[in-house]
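Shared between the two complexes below is chain A, which has chain B as its partner in the first and chain C in the second.
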Partner chain A sequence: MTLADFIVTNAPALLVAIPLFAAFTCPAIGRISAAARNLWVMGAMLVTAAIAFILAFRVFSTGTVIYVFGAAATHLAVPLDSGGIPIRIIFTVDAMSAFMEIICAIVGVSVLLYSMSSESHNSNLEGYYALFLLMITGVFGMVSTGDFFNFFVFLEILSLASAGLIAYRIDGGLAVEAALKYFVLSTLGAILVLFAIGIYYGQYNALNIAMIAQRMQFSMLDKIALVLLVAALAMKCGAVPMHFWTPDAYSMAPSSVTAFLVVASQASLYGLFRVVFTMYNITMNCVTVGWIIIILGVLSMVVGVTMAIPQKDIKRLMAYHAVSQTGYMLLGVGVGLAVLGNATLTSAFGFMAMEGGIFHIFNHAMYKGLLFLTAGAIFYRIGTRDLNKMGGLGHTMKYTMIFFIIGALAIAGIPPFNGFASKLMIYESVYLFNPILAIIAMVVSILTLASFVKVFHSVFMGPQLPEYADVKEAPLPMLIGMGILAAIVILFGLFPQPVVDMLVAPAAHALADQGGYIASVLGGA
Partner chain B sequence: MSRIVRTAADIIYPFILIFGLYVVAHGHLTPGGGFQGGAVIATGGALVIVAYSYVEVREWLSGKVLMGQEVIGLVGFIGVALLALAFGQVFFFNYLNASGSLFGIPVPYGINAGELNTGGFVPLMNFSVGCEVWGGLTLVILYMLSGLEKEGC
Partner chain C sequence: MDLTAPVLTGYGMWAPVAWLAAFVAATIVVYLLWKTGESSYKKGTEQGRPYLSGNAEPEKGAVHIRASNLYWGFLQALKGYYDAIVPLHTGILTDYMIWFVAVTAVLLVIVGVLS
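Right after this comes the complex of A and B.
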C-alpha cells in the first residue's frame, strides 16, 4: 500500500489522530527548543489541513465516506454478530461535514501561523499549542463523527481546551473569570447533551446518529431530547438569549484563539443542524421547530447588533457582531427547515435559504476570523482594546488597516466581498418566505456597517497620536495569517457561483437528505 | 498534622498505591480502569499533602516528572492506537486481541475467574491512561492545595 492510498483510506482517522499526537508530544518537543516546537506544531497543522482537503475532495467527488474505528475494514459499519446495530464508533463524513472541515483547516492554518508571532512573547507556549491542537481535534471530531456519544466527547474536548485558552492570558483574573463563565456554561450544555443522548440510548438502544434517525419515533421523550439539544447547542453557538458568554470569552481570549473560537461555535451550529435535519428531519413538526430557530436567529441578529453599537472595547464589539452574524445562519437554515416538508416551497426557496445560511457559515468564519486577527494585531502593537484610546493608526499600520477594511465591508455585506454573496442569497430566499424577516436582516446589515464605520474611524483615521508615533506594522507571520483569510474573503466574493455549486449546494443537499445519510452507514435503507 | 496522622499516612500510602495499580491493571476485567485507578493513586498524593505540608511534599514530587508522566501516558495511548495503522489495520484496531502474545489469550466463555492475560491492547491503553491520570491529577491536586500553610502540629 502506497502512502497516498494509506492517507486516502485513513483520512477521517488521521484528521483526529495527527493533531492529538502532535498536542501530546508538544510539551516534550518544547523542551528541545522553541523553534523545533513551532515547526512541529505548524507541520502537524499543515499535514492535518492537507488531509482535510484530500478527504473533502473525495467526499465531494464520490459521496459520503465512512470510517469505522477498530473494525476489520474501514467500511464494516455493522459487525455480523451485533444484531444489526453499528456498535463501533463511526466517522460519517458527508458533504456538510467536509464543508465544515475545510473551514476548520483554513482558519486553523492561518490562526496558527498568526499565533507563531502574536504569542511569541508569552510563557508556557507548550501548553498553548497543545490546547490549540486539542481545539482543532475537537472541531474535526465534532463535524466528522457519526456517533452521538462521540459527538459529546469531542464537544467536551473542545470546551475544555477552549476554556484553558480563554484563561491563557490571566489578565489580572479577568480572563480567568471569562473562562470560568464559559466553562460552567459549556459543562451545563454538555450535561444537557448527555441527558439527551441517554434518552435516545434508552429508547433506541443505539448511539449512532444514522441508527437513531432510522428508528426515530418522535415520542414525548424525543421532544424533550430535542428541546435539550436545541437549547444546549444554540447556547454553545452563542444565539440570543443564551449569548452572554460570548462577549466575555471572545474579548478576553488572545485574538488568535478568538478567531478559532468562532469556528468552534460554528461546530456547535453544525451539531444543531445535524440534530434537526439528520436525526429528526420530517418526523417532527418542521414548521414549529423551523420557526423557533428563525426566532432565535432574528433575536440574535437584532440584539447582537444593537448591543454592539455602544461597545467601547473593540473585541467586545466584534463579539456582539459575531452573535449577530450567527443569527443570519440560523435564519437561513431555519427557513430551509420550516419548509422542509413541502417539496414545492423547498425547491422554490428552501434550498436557497439553506445554501445561504451554510455559505454564511463559511464566510463568517473567514471575515470574522480576519477581523479578530486585525484586532489582535492592533492590541499586539498598542496594548489596549479601548476604542477611545486609539486613533490615527492608519498612518503606521497600513496593511492591518487594509485587512480591517476588507473584513468590515465583508461583514456588512458590501459587494464584492463574500459576505454580500451569502447575505444576498439569504435576503432573496427569506423574502419569498416572509418579507418582514428579510427586511429585518437588511436593517441589521446596515447597522453592522454603521458600527464598523465608527470602529474604522476611531481606530485608523485622524491625525497620528503622539503616544503611537513609533508604532510599527504587525510582524510578517501575522500579516500572512490575515492575508490568507483576506484573500479568501475577496476570492469568494468575486466568484461565489462556483463555490456555491461545488461546495455549498452539496452540503445543503447532504444536510437535508436524511435517507442518504442513513443509507451510507446502514446500507440500502 | 500530628505524628499519629503522619505515621498513619505513611502506612496507608503504599496500600493506596497498590490498590490504584490493581484497579488500573484489572481495568479490562473489573469495574474501574485507567482513569479510576489513576485517580485513586492521586488521592494518595492528597493524603500525603494533608498529612505533611505542601512545602515538604513539593521537595519529594517534581512537577516535571509528573508532567512527563502525563506526556508518556498520552503519547502511549495514541501511540498504541496509531500502531494499528502501522500494521496496515484500521485506526484503533485491536491487533493484540487473540494473537497469542501479550494479553492475547482468547476470552474464555461462561463464568470464569477472570483471565488477566486477555483484552488485547485494552490493558495497554489502561496503563497509559492510568499513568496520565496519576501525573495529571496529582499536579491538579498540588496546585489546588498549594495554599495550605504549614501549621503548627
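Right after this comes the complex of A and C.
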C-alpha cells in the first residue's frame, strides 16, 4: 500500500488523529523553539485540511464513506458475531459531514495563520495551540462520527478546549468568568446529550446512529430523548432564548478563537440537524418539531439583531449578529423539516429552504469568521473593543477596512456577496411556506445592515483621531488569514450555483435521505 | 460545469455575474457623466477647509460622532421592547441555566404531550 493509498483509505481516522497527535506533542515541540512550534502546528493543520479535502472529494464523487475502527476491512460495519449490531466505532462521512469538514478546514487554516501574528506577543502559546488543535479534533470528530456516544465524546473535547481558550487572556477575570459560564452550560447540555444516549441504548441496544434510526419507534422515551437533544444542541449553537452565553464567550475569547467558535457552534447545529433528519425523520411529528426549530430561528433572528444594535463592544455586537444569523439556518432547515412528510411541498419549496439554510452555514462561517478577525485586528492595533473610543481607523487600516466592508455587506445580504445568495434561497422558499416568516427575515437583514453601518462609521470613518495617529495596518499573516475568507466570500457570492450543485444540494440530500444513511452503514453488513 | 449559471430558487432566480455586468456598466455611465462636469476644486486652498459659520474648527476627536450617538431615535422608538428585553440579559449564570431548563421543560410538554 502506497502512502497515498494509506491516506485515502484512512482519511476519516487521520482527520482526528493528526490534530490530536499534534496537540499533545505541541508543548514538547515548543521546548525546541517558537518557530518549530509554529511550523509544527501549521503543518499539522495544513495536512489535516488537505486530508479533509481529499475525503470530501471522495465523498462527493463516490458517495458515503464508512470507516470502521479495528475491523478487518474499514467498511465492515457489522461483525459476523455481533448479532447484527455495529458494535465498533464507526465514522460515517456522507455529503453533509463532508460539507462541514470543508468549512472546518478552511476556517481552521485561516484562523491558525492569523493566530501566528495575533497571539505572538502572548505567553503560553503551546497551551493555546494545543487547545486550538483539540477544537479542530472536536469539530472533525463531531461531524464525522456515525456513533452517538462518540459524538458526545467529541462534543466534550470541543467544549473543554473551547472553554480553555475563552479563558486564555484572563483579562482581569472577565474572560475566566465567560469561560465558566460557557463551561457550566456546556456541561449541562452534555449531561442531557448523555442522558438521551442512555435512553437510546436502553431501548435499542445500540449507539450507532444508523442502527438507532433503523429501530426508531418514536415512543415516549424517544420523544424525551429528542427534546433533550434539541434543547442541548440548540443551546450549544446559540439559539434564543438559550443564547445568553454567546455574547459573553464570543466577546472575551481572543478573536481568532471567536472566529473558530462560530464553526464550533455550527458543529452543534449539524448535530441538531443530524438528530432530527437522520435519526427521527418522518417517524416523528415533523410539523411540530419543524415549527419548534422555526420559532427558535425567528426568535434568534429578531432578538439577536435587535440586541446587537445598542451594543458598544464591537465583539459583543458581532456575537449577537452570530445569534441572529444562526436563526436563518434554523429557519431554512426548520421549514424543510416541517414539510418533510409531504413530498409535494418538499419538492415545491422545502428542499430549497433546506439548501438555503445549509448554504448559509457555509457562508456564515466565512463572513462571520472574517468579521471577527477584522475585530481582532482592530483590537490588536488599538487595544480596545469599545466602539465609543474608536474612529478614523480607515485612514491607516485600509486593508482591514476593505475586509470589514466585504464581511459586513455579506452578512447584511447585499449582492453580490455570498450571504445574499443563501438568504435569497431562504426568503423565497420560506415565503411560499409562510410569507410572514420571510418578511421577518428580510427586516432582520435590513437591521443587520443598519447595525454594521454603525460599526463601519464608528470604527473607520471620521477624521484621524490624535490617539490613533501612530496606528499601523494589521501584520501580514493576519491580513492573509482575513484575505482567504474574504476571497471565498466574494467567489461564492459571484458563482453560487456551482457551489449549490457540488456541495450544498448533495449535503441537503444526504441529510434528508435517512434510508440512504442507514443503508450505507447497515446495508453492507 | 457552468460557473455563471443562475441560482434558481423555485420562485425566482439570481444571476450574480449578470448583476455584476449591469453594475459595472452603470458605474461606467456614471463615471462618464461625472467626467463631463466642470472641475472647480483646488487642492490646498480654503475650499478644503470646513466652514462653520466663522467659528474655529473643533478638535478632530470632537467632531467624530461616536457609536452611542447613533440610532438614538430607533432605540427610543422601541424603548418598551428594549426595557423588556435588555434586563433579561443579566449576565448571571444561574439565570442562563434557568432559561435552558425552562425551554427544555416547555419542549417536553409540546413534543411529549401535544405531538
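Please note the rule applied: the second predicted complex is superposed on the first by the 523 of 525 C-alpha atoms of A that agree within 3 Å, B and C clash if a C-alpha of one lies under 4 Å from a C-alpha of the other, contacts with A are read in each partner's own complex, and residues count from 1 in each chain.
What we mean here is this: a residue touches a chain if its C-beta (ideal position, glycine included) is under 8 Å from a C-beta of that chain, and two chains touch if they have at least 3 such contacts.
Worth saying up front: this structure is predicted, and the values here are computed from it rather than measured.
For the composite obtained by overlaying on chain A, chain B and chain C can both be accommodated side by side without a clash.
Which of chain B and chain C touches more residues of chain A: that partner is C.
Of the two partner chains placed around the shared chain by superposition, chain B is the only one that A:Ala28 touches, whereas chain C remains out of contact.
In the superposition on chain A, contact of A:Thr74 is made with chain B only, not with chain C. By the document's definition of touching, of the two partners only chain B reaches A:Asn10; chain C does not. Angle at chain A between chain B and chain C, computed from CA centres in the superposed arrangement: 140 degrees, to the nearest 10.
In the superposition on chain A, A:Ile439 makes contact with neither chain B nor chain C.
In the superposition on chain A, contact of A:Pro496 is made with chain C only, not with chain B. Between chain B and chain C, the minimal CA-CA distance in the chain A superposition rounds to 22 Å. In the superposition on the C-alpha atoms of chain A, no part of chain A is touched by chain B in one complex and by chain C in the other.
Residue ranges of chain C in contact with chain A, taken from their complex: 1-12, 14, 16-17, 19-20, 23, 59-61, 63-68, 70-71, 74-75, 78, 81-82, 85-86, 88-89, 91, 93, 95-97, 99-100, 103-104, 107-108, 110-112, 114-115. Those residues of chain A that touch chain C in the complex are listed here as 180-181, 184-185, 188-189, 192, 220, 223-224, 226-228, 230-231, 234-235, 241-242, 244-245, 247-248, 284-285, 288-289, 292, 303, 306-307, 309-310, 312, 348-349, 352, 387-388, 390-392, 415-416, 420-421, 424-425, 428-429, 431-432, 450, 454-455, 457-458, 461-467, 493-498, 500-502. Residues 67-68, 70-71, 74-75, 78-79, 81-82, 84-85, 88-94 of chain B touch chain A in their complex. The residues of chain A lying in touch with chain B in their complex are 1, 6, 10, 13-14, 17, 20-21, 24-25, 27-28, 67-74, 89.
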